[in-house]
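Take this structure first; my questions come after.
First chain written, first letter: the chains are A, B, C, D and E, and each begins at residue 1.
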């Protein structure tokens, strides 16, 4: 697996919902073994792009090229667990589709990494929201995928869990070379994790900026000048709309 | 209103749920006009502490002292809007309790600040999750409160909206001197906003660290050495449990 | 009505009518009257005024009993929801009431209400609808979002406003669904009660038609019953539902 | 059963018995038999073997018709859910079926099924339970979480596994609730059908007791009916519900 | 005026009350309120609770209630002949012709069931073995017969006339009253009677007598004016007048002397007691039963 081999390539993708054009002439590529982050405000079409890339939705037009026949796994924005199966059965359910149901030690490892080893027989409704998210996450790795789509896998988790899980996927990625395609709202997270960052904006119906980061993941720190520069740039892009609050000061004072 | 006057003081608070002790001998105080942040992993008892301080739940023992009879407002962790009332009616519903229902210009201002001016007549189920959160937030300010409890008001919002809302509450706070008590998962957010930060941990059943920040809010930057030092310290506290993943590398390689 | 019962149904109805007409052709009208005969009978009862008269009698009884059942069902549900002790006492009683066959109620009603022509049907409709209303409202109460009540308390909302602005609208969807389900029960049991134990109303007319084998009239009355039921279900209640479901999905 | 029907109910039951005994004391047993007389009658029918015999006949009919209604109700619901065209066609038909009074079904059934003693009750039970099953299953299908199906597709799950592992368990709670509601209907309408149009089974025995004015027997049979219903609702179905609700709340 | 509440099923025996209500001027002190209902169980309960004063029902029903302690008296027997055997496409000359055939009866253990079993037995059949008895409540049974699903059925008037009119193959095979006569020498069977609440009759003996007399007059009027009686029935019973008029030909509606009535009733009850004692509540009613 050379790093430069392309895993997934989208060309000239267009997608509209009724009157709303979400993606317009979108191009994107991910190399094998990369971590690629998608960054953008709510409604900018991140999930839509994911669904098209993963084959869950049809684009109106465009071309999708894959490297041979990669195995996809998908971590949904909100956990989609079978409520009538316990944690381990939920993993077995997807493993069965690839004849992997006998790989108990893989499951055990994943449960351990996600700190869920005591909850293998718990049903989803017995798990906290955060635990469900972790289960959703490790399910993807239980099928030994080539490419994992992760739609905000760390959303609304506390800092500690978030750091743990970030670590978890980077360790797995480092050891196995699985390609990761990840949506996040947090620019720092993207800068710390990604080899490549795509920034999307609803106004432009697609990708407005691509950032490549060469620095080794383990050595990155947000205070590093290169990363910090990227962060400032990203913040600038996002803070376009913040300005007009200042002049409301007088009114606020008057009305309260 | 001198800054040093105490708004709320909790002393020796204890709270258990059945066998689970959540808060043990907890002390805490907030001065008038302060922004006070509560930081801590999931399950460390932040919401429980809030509910006790706001009088929604009874502590098992302990003392709560308030400055005269302050008006509280509460932004719930997940929006609690009346589904059968539209956005504006939801604001009027709480305003009525304080005879403020005629303050239409205040409502209009809040809708404008939250960029919801076009959704005054929309019902909650017609708003996106983020819009509902913003409505939940401005409802608190519609009653001209003395102290607002904000339980993760920016959770799972995108960076842009998040920055907007942060700005919004700091502007309101600066102009009105309303005391804000805020729960967040994001250490940077706490460092950028708070005059005082309390860090909680489930293992200690309460507050493990108190940080006071004197620097003027407008001038703060996360790269500022003082703040950055705090950030590193907080990260250290949270990363206690991250370490043990490294040694899983071999096993991961073997099993995948 | 047009929005609800849509075209394909009319085609089906046409085929049903065709099959009906075909079968009736081969059979004596006492066994299966033709559409024409049924229509004739319908016209007859309509012109003689007996249709309107019986319909009003039955409707009056249904509305009285149904109204009582709705009011008492709501009160019972509120009480049983509020007081767990009452719940453990009366919940099984309600199941017993539901399990008792209507025939038995009718024979008990004779003892309790004697000859009064109205009371037996009213009682039967009441006793049959009450558990339906109760069960649905009770479910509605149990499904209610207590978080909203807490929110209101956090903003110092007075008790009566919480009742009026949160409890009441929360229960509306359950109430409408209870009303709809219970109406079908009420309407059918009023017919049953009149069939057995009354000397007026649509049910009584049905029983008269039945005992003299005036099958065409039996069909005519049945058509009246079905049409009214469809009118209530697809028009009145649908309107009410739409009104309520404005925010129901959430 | 003890967990469901709890102590306070027994106290209430005691009071009901007391009131019953008091009222019966002043009345002829033909109008309201005492508890002792009802018990005596119950003992009699139990010892004569007619209780068991009739019970088995009624139960058999109910189970056959109910089973058919369940199977056909599920199939209809699946078909109508899948094909919107069928839905617009048959949905109103189901309302019409539901709106038709049982009396009319019975008189139609007599013509259609002739002398066969079983068919009329079976038909009535079937036609009364079918819409109940259908409506509940259909609701269950509409409430189903399609996101899980998409998840399964994202992981290349074959079609038959999606049906077995997602559709089926998704529908179980709706199915159990449908089974429970429909059983009450089935049981009561089997009694009604036998009362009117059969010469065996509990309903027939009820009608005999009724025409012989053996009110004590009427009560004895009613007690049998209620007890069996309570057994099914509070024991059998409760067990099934518990089994299913393991993950229902989610 | 004294309000007298009457319940009667839609049988010819109810017509005299309709006649009193609509065709003549009763004494001002008397007002008849007639309630048409065929639920005799309900009627009896109402009678026992003094909710109604007079009840027309089967003679055995009254005796049964009497024996169970209901305070009532049999004022008169008014219907003496009403039941016939209809066959489908063939005619029976004797009971033996029914061997192995379907025979539908309205109610197991009812008076018609008794009559059918009694006659069959006396004519050398074992009703359980030789007949295929089918019990089907009226009018469902009649409907079945008309649909050609039954070989034979015993029906009361006016269902006999209706069935004959609606099924060409239907044959009026036997007059059960005549069959009874072959065995007992009299074709009068006391089927339907008028009962009075015991309290009412002892409180208002003269009114009771007046009503009884008017009732007898009404019966006479019907027999003399079948045309008008049929019109009255058509209006209240939901049955076409011509059919009812025809049907009256086969109904023996008459009031006989008390002595005669009682003798015939005791004969009827005596035979009934042998086959279905529970139809009479276990024993013959005593002296006080007869008015």
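The working rule: contacts are C-beta pairs under 8 Å (C-beta built on N, C-alpha and C of every residue); 3 or more make two chains touch, one makes a residue touch a chain.
Chain by chain, the UniProt names read as follows: A, B = NitT/TauT family transport system ATP-binding protein; C, D = NitT/TauT family transport system permease protein.
Worth saying up front: this structure is predicted, and the values here are computed from it rather than measured.
Colleague: What's the minimum number of touch steps needed to get from chain B to chain C?
Modeller: Each step joins two touching chains, and the minimum needed here is 1.
Colleague: Approximately how many whole Å separate the CA-defined centres of chain A and chain D?
Modeller: So the centre of chain A lies 51 Å away from the centre of chain D.
Colleague: Please report how many Å separate the Cα centroid of chain C from that of chain E, as a whole number.
Modeller: 37
Colleague: With chain centres taken as the means of their Cα atoms, state the distance from chain A to chain B in Å.
Modeller: 27
Colleague: Of all the residues in chain E, which ones touch at least 2 other chains?
Modeller: 41, 45, 49, 143, 147
Colleague: Chain C: which residues touch two or more other chains?
Modeller: Residues 27, 31, 107, 110-111, 210, 215.
Colleague: What are the touching chain pairs in this one?
Modeller: According to the stated criterion, the contacting chain pairs are A-B, A-D, B-C, C-D, C-E, D-E.
Colleague: What does chain E use to touch chain D in their complex?
Modeller: Counting only chain E, the residues touching chain D are 40-41, 44-45, 48-49, 61, 64-65, 68-70, 102, 104, 107-110, 134-137, 140, 143-144, 147, 149-150, 278-279.
Colleague: Hey, which residues of chain C end up touching chain B in the complex?
Modeller: 147-148, 150-158, 161, 165-166, 169, 172, 246-247, 249-250
Colleague: Under the definition above, what is the set of chain E residues touching chain C in their complex?
Modeller: Touching chain C: residues 5, 10, 35-39, 41-42, 45-46, 49, 51-52, 138-139, 142-143, 146-147, 158-159, 162, 166-167, 237-239 of chain E.
Colleague: Which residues of chain C touch chain D once you look at their complex with the stated criterion?
Modeller: Against chain D, chain C makes touches at 4-9, 11-12, 16, 27, 31-32, 85, 88-93, 95-96, 98-104, 107-108, 110-111, 184, 187-188, 191-192, 195, 206-207, 210, 215, 218-219, 222, 225-226, 229-230, 233-234.
Colleague: Name, in rising order, each residue of chain D that touches chain E in their complex.
Modeller: 27-31, 106-107, 110-111, 114-115, 117, 196-197, 199, 204, 207-208, 210-214
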